[in-house]
Every structure is written in C-alpha cells, then in structure tokens.
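Each of the next two complexes has subunit A plus one more chain, namely subunit B in the first and subunit C in the second.
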Partner chain A sequence: MFAYITRRILYAIPILIGVNLITFLLFFVVNTPRDMAVTHLGDKYTTEEAIEQWIKSHGYDKPRFFDAEASGLKKITNTLIFTQTKNMFLLQFGTSDTGRDIGQDVKERMGPSLAVAIPALLFGLATNIFVALLLTFFRRSYLDLYGVSFCVALMSISSLFYIIIGQFLLGKIFRWVPISGYIGGWSAAKFVLLPVIVSVVAGVGSGARWYRTLLLEEVNKDYIRTARAKGLSSMQVLFKHALKNAMIPILTGVVVVIPTLFMGSLLLESFFSIPGLGSYTIDAIRSQDFAIVRSMVYLGAVLYIVGLILTDISYTLVDPRVRLQ
Partner chain B sequence: MPFKLVFLWTDILFWLLMLMLVTVTVMPKPRHIKQAWTYVWQSKLAMATVVIVMFYLLMTMLDSIHFQRQVEGTYRSDVESVLDVFLAPLDQNVETSYSAPFASRSFVAEAVELPNDGVVYETTPLNYVQQFPEDEPDAKIWDILYKTVVGLMLGLSLSLVLCIAMAYFLRIPILKPSRPNTTQWRTMFITFVVIFTLFAVMYYLSRFYHILGTDKVGQDVFYQTLKSIRTGVLIGTLTTMVLLPFAMVLGTFAGYFRGWIDDVIQYIYTTLSSIPNVLLIVASVLVLEVVISKHPDIFNNIALRADMRLLALCIILGVTSWTSLCRLLRAETLKLREQDYVQASIALGTSNVKLIGRHIVPNLMHIVFITVALDFSSLVLAEAVLAYIGVGVDPTTFSWGNMINVARLELAREPVVWWSLTAAFVFMFTLVLAANLFADVVQKAFDPRARQLA
Partner chain C sequence: MLQKVVALLLVLSLLACGDATPNNPYPASEAQQDIYYNAFAIQPRYLDPAKSYTTDQTAFVMQIYEPPLQYHYLMRPYELTTLTTAQMPQIKYFDQNDREVSASARETRVAYSEYIITIQPGILYQPHPAFAKNEEGQYLYHVLTTRDILGIETLSDFKETGSRELTADDYVYQIKRLASPTVNSPIYGLMRDYIIGLAELNQQLVQVYDEQTPEQQALAYIDLNNYDIEGLQVVDRYTYKVKLHGKYPQFKYWLAMPFFAPMPQEALVFYAQMPLIKKNITLDWFPVGTGPYMMTENNPNRRMVMEKNPNFRGEPYPLQGMPEDLTKGLLADAGETMPFIDKVVFTLEKENIPRWSKFLQGYYDSSGIESDNFDQAIQAGGGQASLTPELEAQGIALLKEVQLTDFYWGFNMLDDQVGGYSVKQQKLRQAISIAFDVEEFIAIFLNERGLPAQGPLPPGIFGHAEGVQGINPYVYNDVNGRAMRKGLDEAKRLMFEAGYPNGINPATGRRLIVNMDVSSRGDPDEKARFAWMRKQFDKIGINLNIRATDWNRFRAKQEKGLIQMYFMGWVADYPDPENFFFLFNGDNGKALQGGVNSSNYNNPRFNRLFNRMKNMEDTPEREKIIQEMTDILRKDAPWVWGFHPESYLLKQDWVHNININQMVRGSMKYIRVDSQLRAQQRKAWNQATYWPILVVVAFFLLLLLPLIISYRNKEHRSVQKRFKDK
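For the complex of A and B:
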C-alpha cells in the first residue's frame, strides 16, 4: 500500500511537468511576455520603457529555454521555463496583474468556495441516491418511465437557466433569499442556500439517471435473486444488498471530485457573487490576467491528480476484493 | 451576376461533414452495424427525434450558403446567407428597441417631441407591425387568429402533399400503423407534419408580427434564435470532426502497438485530461484572442473574423476533449487484439495498417457512434456556458449563449423582458432534448448491456 502510493505520487511528477509545459507553451511561446505586457498596458499609448519595465517586474525577462551566456548548470536554471516550473512546484504563484500575492488570494478564497461546494455535494449526493432508489424500486413501471424521461429533460436544460430561473423565482419574485452576495461566518447560510439548491436541481437529472443504472446493474445480479428467493422483501434487498454494492462506484466517483471542490464552481460563484476561487478565476479571465489563469490551471491539475490517488485508495477501503500492488 | 458566393471555412467543413454523413449512410455496412441501426429505426422515439434534429440541420444548411449582393456594380461588404433572404426583412434592425411578442407598440417609452416644443414619454408604434384602431381592442386578436389559421392550413396542406408524394414514390405504407419491429415510418411522417406546420405558422405570422418580440437594438428575436441554430449545430458537429481523428488514431495505435507507443500516448492523454477541461479551453481561447488582436490584417473582415473564431473554438474544444474517447478506444483495442481472429491474422502476416483497418476499426465503431451522439448535446450546452464566461463565439455571431448572456441582464428590468431568454431556452432545449433521446436509443442499439438495463 505505502509503496503503491509512493509510486503513484512519483508518477504524478512527470504529469505535472507536462501540465506546466502545456501552460508554458500557451502563455509564453504562442503568446509572448511582450504580448502580455502590451495587452495589459493598453495597445497604443504605451512606451517601450513601460513594456520593458512590466516584463522585468514580472520576472519574465529571462531567456525562454536556454541561456547561452550563463555558465554551467545556470544555462538551464536561469531560464523562464525552469523558474516558472519550479515556482509552480513550490506553489509560489507570484503576483497578479493588480499586484496582489496570488497564493494569499487563493488561501483566502478557498473558504467561501468550500462553503458552497461541500453542502452542494452532500445534498446533491443524497438527492441523487434517493431519486435513483425510488426509480429502481419502481422499475419497469410508469413512474420509472416518466421519472427517467424527466431526468433526461432536466439534463437537457443549460445550467445557466437553472441559475437564472433560481435567482429570478426565489430571489426576485418570492424574495426568500438574497439574489447574490456573501458574508463570512454562520450568517453565510442564507447566501449559500440558493446556490446549493440550484446546484442540486441542476445535477439531479444526470446524477439520478447514472446512479439508477448502477443500481439496476446490481439488481440484475444473481445474489439479489438468491436473496429474494430466500424470502427477503424487495425493500430489504434494495437497501441492504443492492445499495451497499452500488455505493462502491458512487463513492469512488465522489472521492475523485472532493479535492477539486477547493476550486469552487465557475458559474455558481460568479452568478451569486461568492468570493471564492471560481469567481476569482472568472474575474481573471475577464481581465486577461494570465498569471492567475495559469496558477489555477496548475492547481486544478494537482487537485485532480490527488483525487485520482484518493480514488484508488478508497477502492481498497470499501471493496476488500481490490488490492493495490 | 447580381451576387457572388462566399465560402466561409465553417461552411466548407460543414458541407464536407454532410457529404460524409450521406456517404456513411449509403455505404455498405457490416451486418452487426446494420442490425444496430435497424434497431434504431424501429424505435418510435428515435424516428421522432431524428426528424427534429434534421430540421435543425436543414436550418444550418440554409444558413451555410453565403453570398455577397451586388449593388450598383460593387459587392456589398456584408455577407448574407440563404436563411437571411428567406427571413427578410427581419435581418434588418426594423425597430429601435424592445417590443414584446405580438406587440404593435414599443415596450419602452420614448421621448416624443410635440409640435409646441414639449416632450412627452410614450410608447411608439412599431414600424414593422400593422396598427389597429384603438377603439377596436379585439381587432388584433382576430387578426392573429386569422393569420394563425391561414399559416396552419398552408403548412398542413404543404407538408401532407410532401409526405404523400414521398410515401408514394418510396412505396412506404403510412396509412396503417407500422407494426412493431419494423421501421416506424408513420411516427416519422407525423412528426414531420407537426414540425413543418408549426414552423409554417410561425413563419407566416413572422411576416406580420414580431412573434418573439425584439431585443435591445430592435432586432427580431425569432430571427436571432433561428440564426443561432447554425452556431449550436456547428459547435456540436465540427468539434466531433476534430476530435475523432485524434481519438481514433491515438486510441487504436496505443492499444494495438502497445510498448513505448502506448506509454507515450497514455502520458499525453493523462496530462491533458488532468487539466480541468474548462480551464484548458479558457486558456487556449485567451491565447487565441491575443493572436487575433496581434494580426488585425489577416482578420480584417468582420464576418471572416467571426467565422475564424467559431472554427477556432471548435478546434480548441476538439483538441481538449478527445481524451475520454481515446481511453475507451484504447481499452477496446487491447481487448480486440487478443481475439483469435486478430491473432490468426497477425500470424498470417497481414500488415499492421490493413489489420487495423479491417479488424480493429470496424469493431470500434459502436463506441464511436455512441460517443458522437452523446457529445453533441453536451457541446451545444457548453457553448452557452463558454459565452457566459467570456470565451465563447464572437459577440457579433448569433448564438444561444450570446442571447442568454445579453438577456439575463434584462431580468432586473421592471416589467421583465422575458422573451429573448424564453426563445433561446425553447429552441436550445428542443435540440438538446431531441439529441439526448436519440443518443439514448443509439446507445441501446449499439451496447446490448444498456438495452438490458432499460
């Protein structure tokens, strides 16, 4: 187990280097630091010195791949690609275009992101499992048919509409909750309520349908028939046997997204003005702040890889048949 | 000639794709694939949804033939499509601002100067819509009803004639209900008549009214949402066209050759898929924007620039999303490679290329069909989200994403401007739902395990 995890973590390093290479190609080769400076300072009214100054202040003035003038190892280490990759690996994201420390911003904004993402995940999971159980219990009935059709219809609606309609109905017409905004502490609850509801409703279509397939796969297996033949009620079989086994793929599917919860949701956070990492990213995209976008891409990749490792570990915990080698 | 054809890149690719679709349809197919498609055509749901998707495809086709009009010896700079001509004069901004569906006066009060130097704020009569005398409040309703009936009659008779002619020449029995386990022609024809008539009514009414209202600059919303169809369909189809070669070549190579080729390909797709998809798309589009702004001389024409941006978005979406299909194809190829007939073929010395072409790829097609069908709807939905984030198609391009993005700000108005949002919602929902339901049937047809679970 320990050896396996070590190996997985070591295997993550070349992948992270690859991720860095891709972002480096996008942000420093296709789009040179000079372009960034020009975009940032404005096209026409900028002088040569201002551009030089901007590039220097961001530390982008080194050679990109190879420094011919330096000696020894410095030929490689004194380059943009090396320093940028090193900084990312040490989680030193540098400063944004507005001069703020990105690492500090990320730390501050994780809290609000989690305040929305965790309840959304938990309530979403509970709702999806509940609906899926209901559909499976009444399988091959009209309830199942219409339920699944309704799920497909829910899946076909753009997530933007859920947010817009949720804000419009609950926020504007009924005035139950504030339309958007955020304050820290426990009073955040009333601001978090609407995004959580929207996220649960938006996810129930695809989620419940997917879990229903998992449950049905279990229900069709031989051990369920045996249990029924032994005289257990269909209720008992569904909850005790089928659900337990279907929980393996459900839980491992959830584990993979747990680390990415830190990143928050781009849409929800920006619509509801929640100062999390999602809205941070959206703001950076709109103001073309490449340093932030690059940091977020890297952070997202790290968290995703952590999620994959956690998934493998959780398999061994919930399913004794799986052994890691 | 009074006009000159303009070939935009996306037009060419879309027609190429249609050509491929026709070729694939008429090409002889292996028996198991033929059987699966037979299963699809025997489903009423599939037949009904395929008609709806075809309607959207037809709109895209009409909107993908572009030309420039000649006026007084010179070609006009703006590019029009056949759909614009079909919907004219709605392609012009006929009004000045918002108006509600079927309204005959503007929605917002405007300043009107009185002859005696005073100014009053009142709603103004619309240019496009016929005005009715104010003492007859029912006159407009009767007029709408009358025109609805006329449109209904026209659409119904025309579509029935088309149906009967087609059934007669192809010898398809449509008068008696199709038996189960045969191709469900009747459902297809009924859906066709319904869709055609519905569109005929809307089209006929749109000659006299703004049936879905007008937007902020006075453009007809019905026109906008019909123009948006092209963007949605192109993103759904062209992206798959970009994604398929990547996924198929890399997937089969990794699974077939194994060894270091497999390692390299696996490394590439693991790296790409570990970056959150949205962020990768965003990063690519941001970089693209800088490239476009750096070369203003290449992209000088507005239509050309918008078109290049749409194409670039399709390419970016394709390049960032081939990984999941590639993974599936690799796993399936690994399995197929160990089959006896493949091993026998290897032993007989068949060349690798021939073997992949003859034994591997045909047996992967079911996965490809399922993925293409499933991806289409999610891509149409993704367009709207990308438009909101600010990395979607060009703001001058008509798209549901852009419509929603502009309209959502108007919900704060009192009274609410709801029609743009509703129009985009209805047209988008219909396409995505039809595509989703069709994809379900395709999945059941090609994956026997999915058929059991239904």
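For the complex of A and C:
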C-alpha cells in the first residue's frame, strides 16, 4: 500500500503543476499585474509611479516566464512563475492584496467552515440513509413512488431558495434562530443550526435517491435472496445485509469530500455570514484579490487529491476484496 | 431513528423555550448597554489613514483618527470647523520675493502659500501597546520575537498599554508618509504637485526602498525622521507649517480628510515587526488614534468593534444648526459632551435579505434600502416618497439627502463622430441628451432615488443654481419654473441639423452606430439597463452598441481614447465646485495627460475660466464665472447630464442625532441610543413562535402510523404468500 500511496502522491505533482500553470496564466497573463495594481489603487489620483511601486512591492515586477538578463539557472528561478509555483508547493501563500497573511487567514477561517460543514455532512448522511432505507423498504409501493417524486422535486429547487425560505421561516417568522451571524465557541451552535438544517434539506433529494439506487442494487443480489430464504425478516435483511454492503460506495463517497470540507460552502457561508473559507473565496473573487483566489484554488486542488487518495485507502478498509498495489 | 429525531426536536424546543428571543444574534448581557449596532457589507481594505479613501474605510478610520479640521455636523452648505486645532489654520500667501501678498492676490502673483496649523495641547492617544514602556523608560514591545508573542492573537492580548500627548510632529510625520513607497497613498499623485518637496522626498524614499533587502521591504518601514522637506516644518510642539506651490485654497478641505490625521512613530515601529505581521496585527487592521473611539476587536471576517477611547478629551455637541434641525430634534443634545455611545459594533452582513430582516427585528439600528426591499419600506404619494405604514408603526424614520455625486454618460470628445466642437457635433450630443430620458432611468432603476442633473454641480455645492438659471436649456424647457424634458421632435430636428436625418449616417446610408463602453460586474439587472439604453438611442434612429468589459479593460480603453461613449460616476472629495469642474479641465485629459477628465474635454474658454475660478473665494464673482462655465458645458454637452443619487437611510426609533450627509465621516460621536427602549422593542418584536415545533413532531408521528401499518401488512402478506406457495 505504501508504494501505491507514494505513486499516487507522485502522480499528484504534475496535476498540481497543471493547476498552478492554469491559474498563473489566468491571473498573471490574462489579468496582468498592472491590472491588479489599478484595481487596487483606484482611479482618482493614481500615478504611473504608484502603479509601478505597487507591482514592485508585491514582487510582480519579475519576468513572467524567462529572465533573459539573468545568468545560469537564474534565468528560470528569477521569474514570476517559478517563485509563485515554488511558494504554492511549500504552502506559503504570502500576503493578500490588502497585506494580510493568507496562511493566517486560512487557519482562522477553517474553524467556522468546519463548524457548519461537519454537522451538515453527518446529519445529511444520516438523513439521506434513513430516507433511502425507507424508500427501499417500501419499494414498488406508493410511498416509494411519491417519495422518489418528492426527492426529484427537492433536487430541482435551487439551494438559494432553501436558504431564503429557511431564513424567512425559522429566523423571521418563527424567530427560533438568528437569521445570520456567527460567534465562536459553543455559542456557534445557535448560528450554525439554520445553515445545517438548510444544507441537510437541500441535499436530501439527490442524496436519498443515490443511496436508494445503491440499496436497490444490493437487494436484488443473490445473497439477499439467500438471506430471505433463510427466513430473515425484511428489516433484518435490509439493515444487516443490504445496508452493510451498500455502505461501501456510500462511505467512499463521503471520504472523498472530507478534506474539501475545510473549504466550506460558498453560498451558505455568504448568506449566513459564516466567516469561513467559502465566504473568504467569494470575497476575494468580488474584490479581485487574485493572491487569495489562486491560493484557494490551489488548496482546493490539494485537498481534492488528498480526498481521492483517502478514498482509495478507505476501499481497502471497508472491502477486504480490494488490495492496493 | 424516528424516535431520535423526535427526541432531538423536543430537546431543541425545550432549549428554545428558555430564551424569549432566541433569534437574538448578540449576547444577552449587551441588551441594556449603550451600543450602536450596524452592518458592513465589504471588508475595509485598509484602516491606515494614509491609504483609506473609500467610504467603507473612512466609516471606521474617521472615528479613530483625527485630522486637524472637520465639517460642521449640522450646518449646510458644508462648513469647515476645528477638530484638533485651536483655531482655523492661518493661511499666508507669498510672492517670488518671499513678500506676503493678500488673499485676494491673483494666482500669478502667488509663488507659494503657507498653512500654519496649531493644535490644542493635552490631546492624548488611545491606550496602545506601542506606547507601553518599562520602568527604565524603554518601549516594552518594540523588539518582539516569535517567542514573545506566543499566545498573542490580537492587539488586546498585550498586557501593557501606554499613551502620550499628540504633537505637531505626528502630523508632519503622516504627511511625509504620503510620499513613501511603503504606503502607496492614493493622493500622493495630487499632493506632490502642491506640497513643496514631496516629490523629491518620494524619489529619495524610492531609492532607500530599492536598496533595502527583501526582509526589510516586507516590514514596510522607513524612518522618515531622517528626511526633512521644505514644505513641512514643525514650528513648536503644537504648531506646524505646510508650504504649498502657488495658491490652492482647496487644501483646507484635505485637512479634514484622514490622509492628514496624525501618526505616532511609535506605532509604525511597533507594527514593523515580522512576528506581528505574520499574525495580521498591522497598522492596516489596528489603528492608533486620538479620536472618540478605538478599535478593540477587528475581525474583518466577522465583526469590528470600537469602544470609547478612555483618553478622549470630550467634545461638545454643536450648539448651532439649520432652522429645521430644531424640529428634527438634532439640537436636543446641544452642548453635551460627546461621544454618547460606549461601543459601536459593526457586523459583517454580505447579503441584503438577512441584513434587512435583522433591521426589521431591531438588531440593527439603521439601514439603507436596497431595491429588493424598497416596496416594503417606501411608498410614493403626492410626489413624495414616504415610509410604509408598517414601518411607521415600528417607529422607523426615513432620512434623505442628495449626494455630492455625479453619474453620467460621457462622450469622448476626441472621437470624430460623437466628439468635437463643431455646431453639428454639438447638436448630435444635444439630441442624444434629449432622447436619453434620465427621469425614466431614475424611476425604473433607482426607485426615484435621484435628481436629474442640469449640469455638473449637485445641490449643496457653491454655484449650483436653482430656478430658471438651474435648468439646462439645451435639454429641458422651463415650464412655470420646472424643468420639462424637450420632446423627441426637438431631438430629431437636432439630429437632422447634425447631418443624421432620422439617424441615418450619410457616409454609410445606414443608421448611425454609437459604441458605449461600460464597466460590467455582471449585475442581474444589467441586461435590463442595457436594453433601456438601447431604447433611448433607438428613439432618434441610432443603433447603440454596448461593450461591457471589466474595469481594467474599460480603463485601458479610456486611457487610449478608444471609446465613443462611457458610463461613469464621480464622488466629490470636498464640497467645492473645483472638484467637479476639474473633470472638464483640458489639462486633465485622460487620453493625452492621464488625468481625470475622462471625456477629454478641452475648451480654451472653459479652461481659462476654470483657472480663474479654482482659486477664488466663494464670492458673487466666482458664482458668475461658474454660471458661465456651466453654460459652456451645457452647450458643448460633453456628458449626458445624468443624475445625482439620493441617499435613503432608515433609523430606528431609539436612535437619535443621525444627520445623513456625505462629508462628515466621523459621525459616530454624535449619535445617541436609548438602549432601554431598544431592549423593550426587541423583546416585543421577537417573541419566538413555538407551536410549529409541535406540528412538526405531530407530522412525523402521523407519518409513522401508516408506515407501521404498511410494514405489518407487508410482513403479513409475505407470510401468507409463503404459506400459499407451500
């Protein structure tokens, strides 16, 4: 397994270089450092010197791809692409356009993102499995038919609608929870309750349908028929046999998203004023702070690759037939 | 599983029942405190006064830092008054031979001017670790290592603080900072032309910066005490002198802006430490001032808290105001010592819907009105916008003010087709100006929150004319003293005279095509706005081609003069006509000189009048010149005179002394809050409704019943089937 993981990590390097190259082209070629400086300094009394100084103070005055004036290896290393890529690989995100240390901001914002994402994942998983089991148990009945139709209806509604309705009903009409905001520590529970409910409801349509499909696939297999033939009740068959085997794709599907939980939810965090990494990314896009956007894109790619590796490992843990070589 | 869900809901309901207002986003302990609650939508980029320019930044900065002057809170037109100074600055003018000349001397006679500013003694800085000293008199926190700041995450984690008296040195130091490459102040480009020696100082500092190592550069600090310039002089502990090239009467307005607020060098030394920078403890996020408030919590990702500065000297509430201020209750606290509020809490609220809902629940003390909520808040009646009865019943009040701002559709005067100064070219622009129904634009896209512009000057600026003189005769008819837009027939006639009958371009035999460049951010209502604009041009037979690009592309095109028309806005820096007319000064052309004159307008007669007017006092003669300049602009029509937007602000019943205005940025000290009334109202408005929890529980229980029946039937059926098979 060690060799397999090493190989996967080595495979990740060209992927990350590719991600870095694309973001570099987007943020340093399509949108030049001069554009960044102008956006940042404003338009009223900005001078050419101020623009040049801004570019210099951010280290963007180096040649982009090749330094013809340098000698030896410095032709490559004294370039913007090399320094930016090197810093990214060392997870040194540097400072944002406003001068804040991005690494420090990421550290501070991971907590609020996880405060919403973890309960949302756990409650969402439990709800989806529960609904899927119910539909599978009553398969080919009216409950199944209406349940699946209801799931499709839920899937068809934009998540923004759930957010607005959730805030309107639970925050404004019933006044159970604050409409938005966040406080650290245990007080956060009051603020994350609504986003978690919204997240669970918004995801139950697609989640339950997918899990139902996995369960149906299992209940039609021979070992289920054997179990029934042995005289086990439908409940026993479903919970002890079908669910256990259907959990393999469910768990591996969950494992892949675990690292990306750190990245938070763009829409949810923005609407509920949760100061997580999702709203950090949205704010950076809005204010055209490309240093942050690049860092978040890169971090997202790293976490996704980690998620995929963890998924492969989790296969070996939940399914003894799988061996990584 | 179902049982667990029911149990969870019951626990939740029990928890919720323990608090009458569980939707309160603030700690219950704050209920009776004198706190002002507000929201901010965009994190301020900087709180360094040398860089803060936009309103979202100055809203914080000006509560903390104190420039020498301020605007009178109540008097209109805007008046400058003292803030930290003992009296208004003494201004002296000198000729080339260093002989003093009178203030009315012609600009050509004035070689330089001096502003002598004397501050009040005894003003103290807020408590701050930068000033903390040990018993030997050495600064405690000026040489910190990573180890020293273990456990320190924010400024308030430092145990010791100190303070000291404000001196003239601090003001001079800050003005020098405007030239520093480590600061990149947005007004350096302007000030280098006026403050003697500032440009040379910048050159020196750039050289010093270039010689620094990358590690030194990362600290963004250069000791400016080593550099003296002719234009800045400390006369004594409380007096300093600023020397300007020539005559620049508008300089006094800059003295009321954060750029000229004092900066203690101790703070700069303190913040220039890498361990602190790594923790985002920098001057940009933790200001150090002498003002009524100090920043005690700065989490731009969540909330920003300012508390009363215990060292603040106290300032009396204005004794005078406008006649209507008495009835508005704005003079009820006249003479009382400010500030009134103990704490100001700004919470990050990026979306309109939750912000508006929380305002209605009483969790924000004031709010703007977004178009989504407009119908809920405002009703039109008798030509006047007023609050809806629901909001009035809540005791909410509406405040309005026309902003010192222009939004306009400009022509590029360098363009062969829509630019130029010939009669035909003037007529084409005038025809477009008539067809462009600005009143309709304001009604559709601004919910009537705007005033159609008759020229560049908004109301409240010296030289803005009312009545017949205030009507643009090229676009409007005077109907009983009211401006009525000319008909389309007039616009079509002008098109004919301009050489485009029915909009047909004789050169091509087809409809005239005009390109308009706009900076686009992909707003949802952009499509409707563009469609509306095309419709206006279509009325006179012109095809409008809208080219929407991002701000940088848009700006680059403007710089190269590669546009025909564009849409832009201008927010006044200070309430002087010069700040609007310089947008048309030929020396400020965007394409040729890189200035702020985006239309590249260059009319020699106008330029001459501008140069005379800009340095004059507000006299009848100046007013006459302004009228002539306005007439020239109206005739040349380099802009479709768009509109001056109107600010609407809603305030809760328990908030007092809010006077909506654009210039007074340090307004928090004037505001008073009745926290008891607020606590009562919040409680009354936010009683939680718990019965839906029981409905949800009942629903799940009812759902359970058919499921059990169905399960039993299913199991039973299976048995029957098995039995039959046997």
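Just so it is clear, the second predicted complex is superposed on the first by the 322 of 325 C-alpha atoms of A that agree within 3 Å, B and C clash if a C-alpha of one lies under 4 Å from a C-alpha of the other, contacts with A are read in each partner's own complex, and residues count from 1 in each chain.
Criterion: a contact is a pair of C-beta atoms (placed from the backbone, for glycine too) under 8 Å apart; a residue touches a chain by one contact, two chains touch by 3 or more.
Because the structure is predicted, anything quoted here is derived from the model rather than measured.
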| item | value |
| --- | --- |
| Partners on subunit A (subunit B, subunit C) - clash or fit | clash |
| First (subunit B), second (subunit C), both or neither touched by A:F130 | second |
| Partner chain(s) touched by A:D35 [first = subunit B, second = subunit C, both, neither] | both |
| Contacts of A:F191 with subunit B and subunit C, given as first, second, both or neither | second |
| Touching partner for A:V297 - first (subunit B), second (subunit C), both, neither | first |
| Subunit B versus subunit C as contact partner of A:W54, first or second or both or neither | second |
| In the superposition, subunit B vs subunit C on subunit A residues touched | C |
| Contacts of A:G171 with subunit B and subunit C, given as first, second, both or neither | second |
| First (subunit B), second (subunit C), both or neither touched by A:S234 | second |
| Contacts of A:L160 with subunit B and subunit C, given as first, second, both or neither | first |
| Subunit B and subunit C contact sites that coincide on subunit A, given as residue numbers | 31, 35, 39, 43, 164, 167-168, 172, 282, 286 |
| For the subunit A and subunit B complex, residues of the former touching the latter | 14-15, 18-19, 22-23, 26-27, 30-31, 35-36, 39, 43, 152-153, 155-161, 164, 167-168, 172, 213, 216-217, 220, 260, 263, 266-267, 281-282, 285-286, 288, 290, 293-294, 296-297, 300-301, 304-305, 308 |
| Subunit B - residues contacting subunit A, complex | 267-268, 270-272, 274-276, 278-280, 282-284, 286-287, 289-291, 293-294, 377, 381, 384-385, 388-391, 400, 404, 408, 411-412, 421, 425, 428-429, 432-433, 436-437, 440, 452-453 |
| Residue numbers on subunit A that touch subunit C, as the complex places them | 31, 35, 38-39, 41-50, 53-54, 56-57, 97-101, 104-105, 108-109, 126, 130, 134, 137-138, 141, 143, 164, 167-168, 171-183, 187, 190-191, 233-234, 270-273, 275, 279-280, 282-283, 286-287 |
| Residues on subunit C engaged by subunit A in the complex (per definition of touch) | 1, 16, 21-25, 27, 42-43, 45-46, 53-54, 181-182, 184, 186-190, 192, 202, 206, 217, 220, 277-280, 282, 284-285, 299, 301-302, 347-351, 353-354, 357-358, 360-361, 363, 551-552, 555, 573, 594, 596, 686-690, 692, 707, 710-711, 714-715, 718 |
